[in-house]
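Okay, got some structures for you below.
There are two complexes below, and they share subunit A, which is joined by subunit B in the first and by subunit C in the second.
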Partner chain A sequence: MDQKNCDTIIADYERIFHPQKLAIVGVSEEGTGFGSGMFNALQAMGFEGEIFPVNPKGGEFSGTDIYRQIEDIPVRLDFAIICVTAKAVPDVLEACRKNGAAGAEILSAGFSELGTAEGIELEKKIRQIAAKGIRVVGPNCFGIYCPRSRLTLLPGPDLSRRSGPVAFLSQSGGMAIDFAHKGKWMGIGFSKVVSFGNGADLRETELLRYLARDPETRIITMYIEGIKDGDSFFREIKAASYSKPVIVCKGGLSPAGQRMVVSHTASMGGSRVIWQSVLTQVNAIQVQDLEELVEASLAFSLLPEKVFKAISVVGGGGALGVTACDAAEAFGIEIPPLSADLQTRIGELLPKPGSSALNPIDVANPFVSPKVLKEILRNTAQDDRIDLQIIISLLYHYKTIARALGKPVAEVAPYRELAETIRDVMKETGKPIVVVLANPKRGVDDLDIIEMLALARREFLDRGLPVFDELHEAIRAIGHVNSYYGRRKAENE
Partner chain B sequence: MNKDSAILIIKNAMQKRRKALSEYEAKQVLAAYGIPVTRECLAEKRADVEKAAQEIGYPLVMKGCSSEIVHKTEKGLIYTDIRSDAEALKAFDQIKERLNVYSGAVLIQEMIPGRRELVMGMTRDDQFGPCVMFGLGGIFTEILKDISFRRAPLEKSDALEIMQEIKGHNILGAFRGMEAADVESLADILIQLGKIGLEIDHVQEIDLNPVIIFGKKPIVVDALMILE
Partner chain C sequence: MDQKNCDTIIADYERIFHPQKLAIVGVSEEGTGFGSGMFNALQAMGFEGEIFPVNPKGGEFSGTDIYRQIEDIPVRLDFAIICVTAKAVPDVLEACRKNGAAGAEILSAGFSELGTAEGIELEKKIRQIAAKGIRVVGPNCFGIYCPRSRLTLLPGPDLSRRSGPVAFLSQSGGMAIDFAHKGKWMGIGFSKVVSFGNGADLRETELLRYLARDPETRIITMYIEGIKDGDSFFREIKAASYSKPVIVCKGGLSPAGQRMVVSHTASMGGSRVIWQSVLTQVNAIQVQDLEELVEASLAFSLLPEKVFKAISVVGGGGALGVTACDAAEAFGIEIPPLSADLQTRIGELLPKPGSSALNPIDVANPFVSPKVLKEILRNTAQDDRIDLQIIISLLYHYKTIARALGKPVAEVAPYRELAETIRDVMKETGKPIVVVLANPKRGVDDLDIIEMLALARREFLDRGLPVFDELHEAIRAIGHVNSYYGRRKAENE
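This part shows the complex of A and B:
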């Protein structure tokens, strides 16, 4: 690819992800359907470009004139959102191409996913038009979400407007919208989310190549069911993983192919094990589900780019010592006992009896004040071996105190002070601190605790502290970071 | 044996519409790629046995060798630890009888002593093309399925990594008086298997099982090559 061509492609992507002039085809005056929903969602998100609604019946929607056809729009479009019936899509797409639009997302379903001759033929037409010079996302997808431009997925009027380092490519629209929503409260900022559905034109490999070079994206995440071209996918994901972490959730893994096989090698080489091996080979991070995907993304977003060989765990509850050590061992992370000197100093800070200053450090009492916790964390960080600290906070216990005082738990639990304290220690010591907000009380009796913890989570995240619900989830996420940077370092040596 | 003659063996088999190579043929292909295999020769007739046995040297392993039979153990076609001409002739007769309707000869090969058995192989994935396997061999292959794959071509680092990836990777280390296995030679075999996958489209699947660690050197003791 020559430089001019490459620049054109980058300019096209810029117009697709950050459009100034945007058509929505399929907006009805009555306000029903995907097109109108998209129009409303974009306005709710605060999309700042110009929107041109299109519908053959004309009329007006939400104070904006509806154009009868793309041909009537007097400006060159950057991007179009197409939500008309499948049969009408090729003509609309061709009109967008003639207008000069850089790209279009086709939300409509009714193509190859049906498996019918008609559906397959319609998708072929889309591919042919795309080949003539317009990039297509979809069909049968939820589109693009880009917080910087405020493009949003269907039906996402309430996704985060905050940009961040994580990009997500998804064959499944449901996964895209779920990740976008879950990421919003779990602390994930997105650069770009693309639900590409059937992937008639743009799909995993080409988008991967773009994101690998995209300065807005520091972490690439993907949900893949099947890929079109194993060879080029392998090359691109290997190249991408070399410069930034690529986290993959592979759906639809089946134990073995349909083909008749004779050898043991072939019978054991089903798609699941081959995928696992290939992802390891290219140093991509494989996760099993959306939860693990979000947790890994959080760890990569907020932790420094290094391997955390040894950690400390400060907290209490739930057979802390055993749980922590078991989880850590599985990921090759050490929880070394602190030096005798530090144990003595920390021991003096801890309430008696029942506490332990060994590491894991069991504070034995959920009401140890943020001031004391601060001293414990500062002292622990003095052990040179410790690369990272985890603090398990049992804030939910404050409900007992709140009840005695007749106050709401959100007023009594010192989460803001705790967040500030932990942030200060992290800055002072230069060692990252990961927070676990454990909560075994999630029933209707304890909605106040759930609310308090949601507020607490926000305070921690606002200060750059990653928050997990469970210790083993935190350790697994750190394990992914270790594995990626450990292997990348080995490759570079 | 060079690569051209290896390809010729495969072409001949394809022309006869055979679905697999015999063990003897498969090992010739492997040898052409520099993969260490057992010393062996083929005895068509009873009169060939004594000469072959002398050439290879006792103790011997004798096997029914036919491209029509892919899994020999189940058919009772493998005789091990044969120590005299009398035993060899007896084994020859029994194998011939069991081969019965199948076309085939008797393979006479050196017996490789060694307690560590590995499996290596090649398969073609629908999405990723030729992939190379490494794992625990012999009967443990199917029981433990302790294996890992790499897509071809394999770099040296891939080959070294895949060996470390299986749970039983300590089998390659020094223990119980056995030397550490020569991982460089093992890596070479894995790399070459990938090459066969990339260079010869007609080879659909390969099983090398067992590959026995003799001293510290790996030797392919049994091989299966499935054709397209």
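This part shows the complex of A and C:
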């Protein structure tokens, strides 16, 4: 495509993701249905553009006049959210196109996913209208979430308002909303989330091409089932992955899962082995499920762009040394024993007995103060081989002390001090630190621990420290960062 | 061993796990140290036997006179908990033996794990005393947890008082206490948990032989690093697994992890591949980490002893159909599409649009009532191929309704009704039902959801329904049940 075309396309995407004039078609005065829900959700999110609700019956909703049809709206729209019955969609979409809207998301279901002749025909009409000059997300999707413009997914009035570097593309609306919710407390900031459903117009390949060029997006993630054109899809991943990581969760890799991928388009089949091999060739990061996707996104969001060959682990808990080494080895990471000199210095800081200064450094006692932990981390960082440190925090143990003092555990556990301490060491040493917030106690008697740890997680994240629930999850996520930058470096050499 | 010997051994174990007369050596009047902690923990747990605290300084602790030495105790002890410095241990142990105690647990560290000549010599002395006629757990361990007698692990005053079918053997004390805590809210009842540390006397093989015969234990689980005698160990697993499942988490399977296994005894090395192959031969269930161990234990605890070839999945959430089929296929389980007749009947119960009655059954709307879910589950069970049902509960969505009503979500979400409903269907149909309690929201704003789900989990567990956090975890656990009973059946044929 030539430069002019390219500029127009980028400008169109800008109008789609950050609309100033937005129509919602299917807002009823009674407030029922998806359209009204979206209106409310956008207001709750603090959407600052102008919203034009539309319904043939007219009336008023939430203090705003409802237009009877798109044709009555006196301005050029940037974007439209369409939530009317499937049959009514083509006419509405055509009206949006004539208005000059850059794009529309169609939340309505009832198209090719039904497998009926009528549904397939309706979707074909959408594709034809799109081809005449309006970009379409959907149908049968949850739409776009963009924290900067406050566009939100169906039904999300409670998604984070904070932008970040992670974009997510998903055929499945459920995956999109689940990732958006998990990301909120796990510390993932999103640039754009697009649930594209049936993908009648915009889908994986074209959106990927856009995200590769999008300065707001530093990490591209996706959940895909079927793809439309394997060759161009993998070409786009390869092109994108020269400049930013592309994390892929592929659903339907089992024969049974494959059969479930109701594939209205010419979808690429292929076994697990083929997918894995092709994704590796294009330097995509492969994850098995949403949890691994969120964890990998967190690591790519907060860690420097490099390979972490060797790490230290400081903490405690069940079989720390063996568990850490098993996990690290599985992902090609070393946990080198520290020099005798460092072991002596760290050993002097550790409580006796039961501690170990070898690496993993087992502090043995969960009440070792942030001050002492700081000294341990500072010393460990002096080993030139160590690229990154993991600290396993056993803050949940403070409930014992809180109980003895008759105070809430959130008051007693020194999580803020710990977060500050770790951030200080990270700055001073220039080596990233990853936090594991262990908690074996999650029953009704221990909700206070859960609350304290949720607060602690926020303090860590606010200081740029990634937090994981389990050590092996942290190590797996670091392993993904290593694979990606290792391969990218090899390609560039 | 002959019958008489065998009876004596069983009687000794009875005195060890359910002691009536118990000494704690190392209880100080000031209340510091492990001994005093154990005294308090046993009282908190409601230990009903008689406790004899011991300390050379004498005095009084918590209203009980402290004996200056074991020799002064006027009764025959069943068991002793020893928490004195390593050097003092042999004399104390010998005094316990002379008293006639059946066994002792040595919580003290400072033995062969140090790798020093002195530590190795001290442990040798312990072994020699044990050989003269007292069974020893430890040293360098967290001891025994037995809910029926209320013996508890270091430092566990807050472990469950409820007995159950699961026994756990662990070299690592940290793993033992973590499993005990996780088990408490995950619904695992324990018969006996033994953290045996350095295993100077009692360790994996002999304890396994005992547990295989223990009527209180229906499921044997273990975390092991090094083993002392591979041949007899695997022979005992094979013998035990004819009558009960043996679940093994082997730490140190990586070369680095293996190096961490500080192996004071002749420990069996061997790669991952060798271990996996041998464990499969003896029909042990292999798990990778503590989470998988807890989940497998839960499935074996609550599911009938059989193979579940085909299952149904009822629920919703991101990409349900594809995700469920991918997970099921990975563990050799089928999710067969229901007959057209059943699909029609179930389809009539489901909200439109977006639902699917195929299997997985996607209810599309999270607010489908327990009554309707009951009818769906009853219909699904009519398919003769279905051996087990999984229901994915999306109770967390009720926060939206709770907010609209201005009520707490724990009041609004119908979790008790749902638990009763599911239990009723299970009874009526004779097919087990497994619950997945999904929750993508775990931030500081959603602690009320976490609380509601913790309450819900308890209601499900109280009715014998296993609960998992994620669908793939539930399916993996069912897969373990299938592998075990499948192989056992094949062996018996």
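Note that in this section the second predicted complex is superposed on the first by the 477 of 493 C-alpha atoms of A that agree within 3 Å, B and C clash if a C-alpha of one lies under 4 Å from a C-alpha of the other, contacts with A are read in each partner's own complex, and residues count from 1 in each chain.
Here is the rule we go by: a residue touches a chain if its C-beta (ideal position, glycine included) is under 8 Å from a C-beta of that chain, and two chains touch if they have at least 3 such contacts.
Computed from a predicted model, the values in this text were never measured in an experiment.
J.: Under the stated touch criterion, which partner chain does A:244 make contact with: subunit B (first), subunit C (second), both, or neither?
T.: Neither partner.
J.: One more residue to check, A:280. First (subunit B), second (subunit C), both or neither?
T.: After superposition on chain A, A:280 lies in contact with subunit B alone.
J.: Which of the two partners, first being subunit B and second being subunit C, lies in contact with A:192: first, second, both, or neither?
T.: neither
J.: As a test of reading the superposition: which chain, subunit B or subunit C, is in touch with more residues of subunit A?
T.: C
J.: Quick one: classify A:231 as touching subunit B (first), subunit C (second), both or neither.
T.: It touches subunit B, and subunit C stays clear.
J.: Which partner does A:178 reach: the first (subunit B), the second (subunit C), both, or neither?
T.: Touch status of A:178: second partner only.
J.: Given the touch rule stated above, what does A:218 touch, subunit B (first), subunit C (second), both, or neither?
T.: A:218 contacts neither subunit B nor subunit C.
J.: Go through the superposed model and pick first if A:290 touches only subunit B, second if only subunit C, both, or neither.
T.: Second partner only.
J.: In the superposed arrangement, what residues of subunit A touch both subunit B and subunit C?
T.: 257, 259, 261
J.: Considering the complex alone, what residue numbers of subunit C touch subunit A?
T.: My answer: residues 109-110, 140, 155, 158, 171-179, 181-182, 184-185, 223, 225, 251-257, 259-261, 289-291, 316-323, 325-326, 328-330, 334-335, 353-354, 400, 440-447, 450-451, 454-455, 458, 470, 472.
J.: If we count contacts the way the header does, which residues on subunit A are in touch with subunit B in the complex?
T.: So the residues of subunit A touching subunit B come out as 226-227, 230-231, 233-234, 257, 259, 261-266, 268-269, 271, 273-274, 277-278, 280-281, 491.
J.: Would you tell me which residues of subunit B are touching subunit A in their complex?
T.: Its residues touching subunit A are 19-20, 70, 119, 121-129, 131, 133, 135, 141-142, 145, 147-151, 157-158, 161-162, 165, 204-207, 209, 224, 226.
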